[in-house]
Amino acid sequence: MMAESALVNPSMDEKERKTSKLAAISKFRELGLLAFIILLCIFVQTRNSSFLTVGNLTDLITNTAILSILALGMMLILITRGIDLSIGSTLALSGMIVAQVVSVNQGLPPIVAILLGISVGIVCGVMIGFLVSKLGILPIIATLAMMNIFRGLTFTVSDGQWVSSYQMPERFVSIATSQILGVNTLVFVAIIIYMVAYYFINHTTTGRQIYAVGSNPASAKVSGINETKILMIVYMIMGGLSGLCGVLWVSKFASAQGDTASGFELTVIAACILGGVSIAGGSGKISGVILGAILLGILNNALPLMNVSPFWQMAIQGSIILIAVVINTIVKRGVDRNNLLRRRI
Amino acid sequence: MSEYVLELRGITKKFPGVTALDNVHFKLKPGEIHALMGENGAGKSTFIKVITGVHAPNEGEIYLNGQKVEFSNPKEAQALGIAAIYQHVTNYPDLSVTENIFMGHEKVQKGTRRLLWKQMHQEAKEILRSLGSSIDPKSEMGALSVAQQQIVEIAKAISTNAKIIIMDEPTAALTARESEELYKIAEELRDQGASIIFISHRFEDMYRLATQVTVLRDAKYIGSWEINAISNDDLIVAMVGREITQVYPDKKGKIGEELLKVNGLSKTGYFADISFTLHRGEILGLTGLVGAGRTEVCQSLFGIMPYDKGKIELNGKSVSIQSPKEAMKLGIGYLPEDRQLQGLVLQWGIGRNITLPALSSIGKKGWLNEKKEASIAKELAEKVHVKANSIFDLVSSLSGGNQQKVAVAKLLTKDLDIIILDEPTKGVDVGAKSAIYEIINELAAQGYGIIMISSEMPEVIGMSDRIAVMRAGRITKVLDRAEVSQEVILEAAMTDLSKKDAG
Amino acid sequence: GGGESTTSEPTDTGSDDGGTKTYAMVFKNTGNPYGEKMMDGFEEAIKEVGGGVILRSPDQPTAEGQIQIIEQLITQQVDAIAIAGNDFDALQPVLTKAMNAGIQVVSVDSAVNANSRHVHVNQADPERIGRSQIQAVAEMIDQEGQIAVLSATSQAANQNLWIEWMKKELEEPGYENMELVKVAYGDDLRDKSTSEAEALLLSYPDLKAIIAPTTVGIAAAGKVLTDKGLQGQIALTGLGLPSEMASYIQNGVSPAMFLWNPIDVGYGAGMAAHALVEGEITGEVGESFEASRLGGKEVVEDGDGTQIMLGDPYRFDAENIDEWKEVY
Amino acid sequence: MEPRVVNQNEYVQRTLVNKEAFSLKKFFFQWEWLLILVFIVLMVINTNISPYFLSATGLRDATMIFLDKAFIVFPMVMIMILRDIDISVGSTVALSAVVMATLYNRLGVPMEMAIVICLMVGALCGLINGLLIVKFKELSAVIVTLGTMILYRGIAYVILEDQASGNFPEWFSFFGWGSVAGIPFILIVFTIFAIAFTLLLHKTTFGRQIYAMGNNDTASRFSGVQVDKVKVIVFVLAGLMAAITAIFLASRMGSTRPNVAMMYELDVIAMVALGGISTAGGKGRMIGAIIAVFIIGYLQYGLGLINIPSQTMLVIVGILLIVSVAIPKLNVGTKFKKTEKRKT
C-alpha cells in the first residue's frame, strides 16, 4: 500500500531477510569502537606482557568503575539534549561531607554513609533540575554556574582541610576494597547500577520517555509526557550517582580533598561521546557507554605501562579520542553508503 | 446519551498577542467523517489541540457523549478515546516504530510496570499489516520515508482503539494514489464505529470522504453544513470571505530559447539517468509519487546534494555545480520543499529573510547597506503581495501562505534564469494558492525558466507547459500539455523502468 | 581556622608612617591543609610581632591566579608579601612591581627566582631532603634492589631538585646494588597517582621501594600498597603529611617518611617578613635576625639569591606519628 | 500588471513599512541596559567597600589583569551565536605560547618572527577545529573541541615537557605591562578589537550570515550562504584570538608553561553567557559580552580587594551567572525576553 507498495517487488521478502542481518550488525554502532579496543589491547600487550594479566585487569576495571557509573548518568542527560558540567564538584562536595561525617561518627554503618552521599548528590541534582526544567536555563550554563558554586561550597565545608585515612573508620575505607561475591565492591556496585539502568531504560515507561523527550521534545508534549518531570529525574539521577561516586571515591583513595575530581566531568563526557552518545539528544546505548568508559580506562592504565613519556600521554590521549570518534563516523558513513548502493533505482 | 459523541461550545483560545479561536462551536456524530476547513492560520490545528488536551481553552466547554469533560493533558484525552494525527509530523526519529506507535499508552505488566515489548511488537506488526504495510516495527522511525511515517502515525491512532480520530492534513505529503489508500483506511475505521475529524486544504479529500463540513475563518466559527447542501463556490466564500474567480491563470508568456539541458544525471541511491531540457518562459512540471526522487534531482541542480555522474548545460555551456552559491551565480534558484526548515529564518523579520541570498550584492565590500536592503526588501515583498504591515514583522507571525510568498520573494533578489519550485503550494490555502500561481505565471512571462515539483495532479496539469514524470529515481515520461491527463500521468508514475539488476 | 579570611582588620591606608603594618601570605591554592598550616604559622608570627594579616590563595594552583592576587595586594599597599610560588619565573614581573612599590617580598616553601624576591625561606636543604630519602630507603631494603620515584609534576622546581640530589646520593659508595628504575609522574592527582603506582608494581615485579616526594603521591602509593597487601615487601618513603600518612605508617607500609613542620615554615616566613619590613635585614648574605621561637637565623647564599634555611626535614615513623597526625 | 488573484475590486495592494519604528519601550527593555545597571551598582558597591578600589592605579591595573582572556570572548560570541562552542581555546593559548617561547629560546628565532608564528599556530589550531567540525558534521563542535582541547595541550607538553620557558627580550614585556599615555596597552588593543568585532558582527554581510546560520543553518545553506566557510573562519578567528591572549599572557608572566590558561574556556563561556548570548544560538550582541567582561573582571577585583576567599568568589560568580540568565526567564523579565528575540 501507499508509497512502499510501489517500491516492493516480489523477491523482496527473501532479500529483506538477508539485508536485515547485515542491518542488524550495522545497527551495533559500537562495532568500530569494539574493534578499536581489541586492536589497542593487542598493541599494548605486545609492548608490555603484564597488561593482560588478571591482576592488572582487576586494577583496570576497579579504576574504571567510578567513571563508568558517572558516564551512565551523563548518557541520560545527553539523551535529553542536556549536559552536566557540575558532576566533578558534586562528587567532591558529597565526598567531603560524608568524609567529615564519618570522621566524627566513627560508628556510622557504611550503608548510611553511602545513602548520605547519594542524598547530598540528589539535592545538588534537584537544584540543577529546577534551573533547567522549571526556569528553562540552558543546561550548559546552569551546570557551569553550579560547578563553581558546589566547588566553592566544598572548600567552605572543608575549611581548607583534608580528611585523611586515619580519620576514617576501617569499615568506611573498606567499602572500596572489600569484595562481594568475589568481585570488588566498586565493580559490584557498577554492575548492579548497570543492570538496574538497563531495566530502567529499556523496560520502563519513564526510561523510554527520557529518549522520547530527547528525540523530539515537541511531540513528547503532545504525547502527554511531562518534560519537566523527566528532566528533573535525569538530573536527579545524575546527582545521585555523583553523590554515590563521591563516597566511593573518598573510600577508594582514603582521603577527601577540596579539589577532588576537578575536571573529571570532561573525562566522563568523553567516555559518553566515545560510546556513541549523540550530543544532539535522543540516542545513546548502555553498551556504547561501557565501551567508551573502558577505552578511557585502558588508556589510563596502559600509557604508564608502556613506558610512554609522561609528556606524551596527554597528546596520545587526545589523538586517540579524536581518531576513535572520526573512525566511528567514517564506519557509520560507510554503512549508510552501502545501504544506498543496495537501493534499486 | 447525547446524539453527539463530541460537542464543543464557545471555545476561545488566546495566545499572547493572538486569538487563535474565538467562540467556536463543533458537533460530531458517531460514525461520521467530518471535514474541518479554513484558510491557513484559521485556527484548525489549534482547535484540534484543544480537543486533544494539548492546549487548555480560555473559555468554552467540551462534552464527550453528553458528559462535560476537562483535559489537563493529552493523556487524559487519550484515555477517553481521542487520538490525533498531527499536522506537523510528531514522531521520535531515534526510536523504533513500535515505540512511536505506543508512546504514551505503552503496554505494561500489571504490578511491575514492566514494558511488554513482545506484545507491543506483535501488535504493531498486526496493525501495520492491517494497513497493508510491511514496515518492520523494530526499525528506526527516522529511517522511514515520509509516507511510511504517515502510516505509522495512523497506526498510532488506531492502536489506542480511539472512538474519535482526528487527522490534521494527513494527505499534505501524499500523492493521489496514496491518498486513496488513506481514504479506504478512514472509511474502514468509520465502518468500525469511529468518528473522524478530517482537516485538509484539498477539496477532493473532503468530497471523497466527508459527510459534514465545518468552516473556520480568522479564528471564528463560520458554519457547519451537510456536504451536499453547500456548493463549492459558497464553501470557498465561507472559507476565504471573498470569491475566487479562477484558480489557474492563463499563460501570458512565450516559450523562448533553450536554457538548461540535463543529460544522464545520476546519484547513487537516489536517482539515475535523468535527462530533460528547459526553455525560457516555460513551466516544466515535475511529478511522481512521494519518494520518487524529484527533490533530490532538483537539489543536485542547486548544488545542495552533488551528483555523481552526468552533464548539465546552461545556455549551451557545460557547467559543474558544487554549492548553492555557485548555482545562484549561474542563475539557478530553488524554493525548498520545507519552508520552515529550509526556506526561512522564522525568528527573523520579512526583510532580512528576503535579502539573505543577496547580501553581497546589496552592500559594498562586505559592509551591509541597511537602507538599500530595506528598500529592496520592501519592493520585493510588495511584488509578491505579502500580507503584513512592515518588513520587520517576524516571519513566524505570518500564515503559511504568506510565509511561502516571502520564500518566493527570496528568489527574486538574484539575477536568475531558472527557478525551481519544490511543492510551492504544499499546505497553502486556496486564496494563497491562486496568488502563488499568479506569481509563478508572472515569472514565466518575464522569461524565467521554471521547474515546478508538485504531487497535486490538477495543479501540475493546470500550470505546466510540459510535464516530466518520475518514478523510483528515473524519468519515465515527458508529456506535452496537449497530451496530458490524470490517467496518463498516473500510468507513467507506476511504470517500472529500472533494470532488474540495478543496485 | 578559616583558611583565607582576614584575621586582623586590614589596616587603614599608608602604613609607611610607622602605623600597623600589613603582612600578606599567598599560598599555591586553596583547600590544601599543608598550606593552611603554613598560613596558621604565618599568622601566629605576625600576631606575635604585631600587625595585620591577609591570607590569600587562588582556587587553582596557577601563576595567573597568584598574579591577580598580588596585583590586588599591591593596590592595598601591604608592607610584605610571603608567597609560595606556583611558577619559578612567571611571577617575576608582578613581584618586581611589588618590590618597586616598596613591598618586601619573601618566597617560602616553593621558591620564585632570585630577581623576584628579597629572600627565600627554605624549609629544608634540598640536598638534605634528597639524600636523606635515599639513606632511609637504603636502610629499609638493606642497600639492595630496584627503587622507583613517584613524583608530582616538576613545575615547582623543588621536586626535580630533590630527585637530582637523590641521584647524586645513589652515586656514593654503598648503593652499588640499588637501582633507580623509573621516575613516574602522578600530577598530584589521586587517580593518576594511583594508576602510576599500580603500573610501577606491574612493570617492575622486583621493585623493592618507592620514594614519593609529594604529599598526594605518597598517600596514593600508600593506599595502593596497603590494598595489595604489600607491606613488608615494598617499602615506601618520601615526603608526606603525617595526617595523610598516619594509617600507612602504622600499618607498616611506610616504615618512615619525612617532612618539615609547615607551621614552623609559615612562622619563619612571618618572622623574616617582619625583619625585612623593620629593616633588620635587607636580604643580603651574612645578615641575621632573631626568629623568636625558632631562634637566630642567618641569611645565606642560594644560587643567585639568598635564603634563610630553617632546618633538616623531620623524620616520621611509627614511634612519633601519633602525636603529629592531629597537628597537620 | 495587477495580478488577478481574486475579484479585482476585493484586492488591496498593500504597501509595507520599511523603516523600523523607534520604540522607546523596546529601546529601554534591552538586556544590555540591565548589564550596564549591574555594572554601575557593582562600581558603587566596590567603591564603598574598599578604599582602594578607585585608587589612581587600581582600576587601571585591574583592567590589565582580566583583559587577557577577554580577547577570546569576541570570537566565542560568534561561535555561540552559531550554536556551537569551542572548549579548546585554553589549550590553544597554551600551545601557541609554548611554540612562541620555544622558537625564541631554543631555536633562536627572532622574537618578532616567533610572535607571527604564534599567531599562525593559533589560527592553525582554529582551522583544524573548523575543518573537523564541517567535515564531520555528525560530531558537533563540543566533541571535536573536547578532543582537540586534550590534544593541543598534550602537544604543548610534548614540546616543553614540564619546563617553563621565558627570557623574552625586554621590549616584549610591553604587551603585558606597558601603557601609552597612561592607558594600558592591552586596553587599547582590546578596544580596537572590540570595535572591529562589533562592526564585523553587526555591520557586515559576514555577521548577518552568522546570525542566519545560528537561527537556521539549513535555510542559510539553501540561501547560498557558504555555511562551511563561515564556520571555519569563525573558528580560525577563535584560534587567532587565543594566540593573541597567549602573547599578552606570556608577556605578563615573562615566561610560559604548557599548563597556562587552564579552564579559560569556562571563564570565557561564562562571560559570553552573562552578556546575553544564548548557547541556543542566533541571539545576542557583542556589546553585551563586552560589558560582561568588565562586570566579571571588576567584581573579582573588588572582592579581591576586600580579601574575600577565592572559594567564596567561585560561589558569587556562579550565583551571578545563574541570576543573570534566570532574570529574563522569570515573569518580571518577560519584556526583556521579548525584545531580546528581535535583536541581531
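In order of appearance the chains are A, B, C and D, and numbering begins at 1 in each one.
Everything that follows uses one rule, which is that a contact is a pair of C-beta atoms (placed from the backbone, for glycine too) under 8 Å apart; a residue touches a chain by one contact, two chains touch by 3 or more.
This structure is a prediction, so every number in the text was calculated from the model and none was measured.
By the document's definition of touch, common neighbours of subunit C and subunit D comprise A. Relative to subunit D, the most remote chain by averaged C-alpha coordinates is B. By count of C-beta pairs in contact, A-B exceeds the other of the chain pairs A-B and A-C. Spacing of subunit B relative to subunit D, judged by their CA centroids, is 41 angstrom. Chain centres here are Cα means. That of subunit A falls 37 Å from that of subunit C. Separating the CA-averaged centres of subunit B and subunit C is a span of 73 Å. Counting only residues that touch two or more partner chains, subunit D has 162, 263, 309-311, 313-314. Residue positions of subunit B with contacts to 2 or more other chains are absent. Residues of subunit A found to touch two or more other chains are 151-152, 154-155, 258.
Chains touching one another, given as pairs, are A-B, A-C, A-D, B-D, C-D. Considering their complex, residues 1-8, 20, 199, 202-205, 208, 211-212, 214-216, 218-226, 282-283, 337, 339-345 of subunit A touch subunit B. Against subunit A, the residues of subunit B that register as touching in their complex are 49, 52-54, 73-76, 78, 84, 86, 88, 90-95, 99, 103-104, 106, 108, 113-115, 117, 131-136, 145, 147-148, 150-151, 174-175, 177-178, 181-182, 268-272, 289-291, 293, 471-474, 494, 498, 502-503. Partner subunit D is touched in their complex by these residues of subunit A: 83, 85, 131, 135-138, 140-142, 144-149, 151-156, 258, 263, 266, 269-270, 273, 279-280, 311-319, 321-322, 325-326, 329, 332.
By the touch criterion stated above, subunit D contacts subunit A in their complex at residues 85, 87, 132, 136, 138-140, 142-144, 146-155, 157-158, 161-162, 263, 266, 269-270, 273, 278-280, 309-315, 317-319, 321-322, 325-326, 329-330.
Residues of subunit C touching subunit A in their complex: 1-4, 29-33, 35-36, 59, 182, 184-185, 190-192, 194-196, 198-200, 202-203, 205, 219-220, 222-223, 227, 241, 243-244, 246-248, 250, 325.
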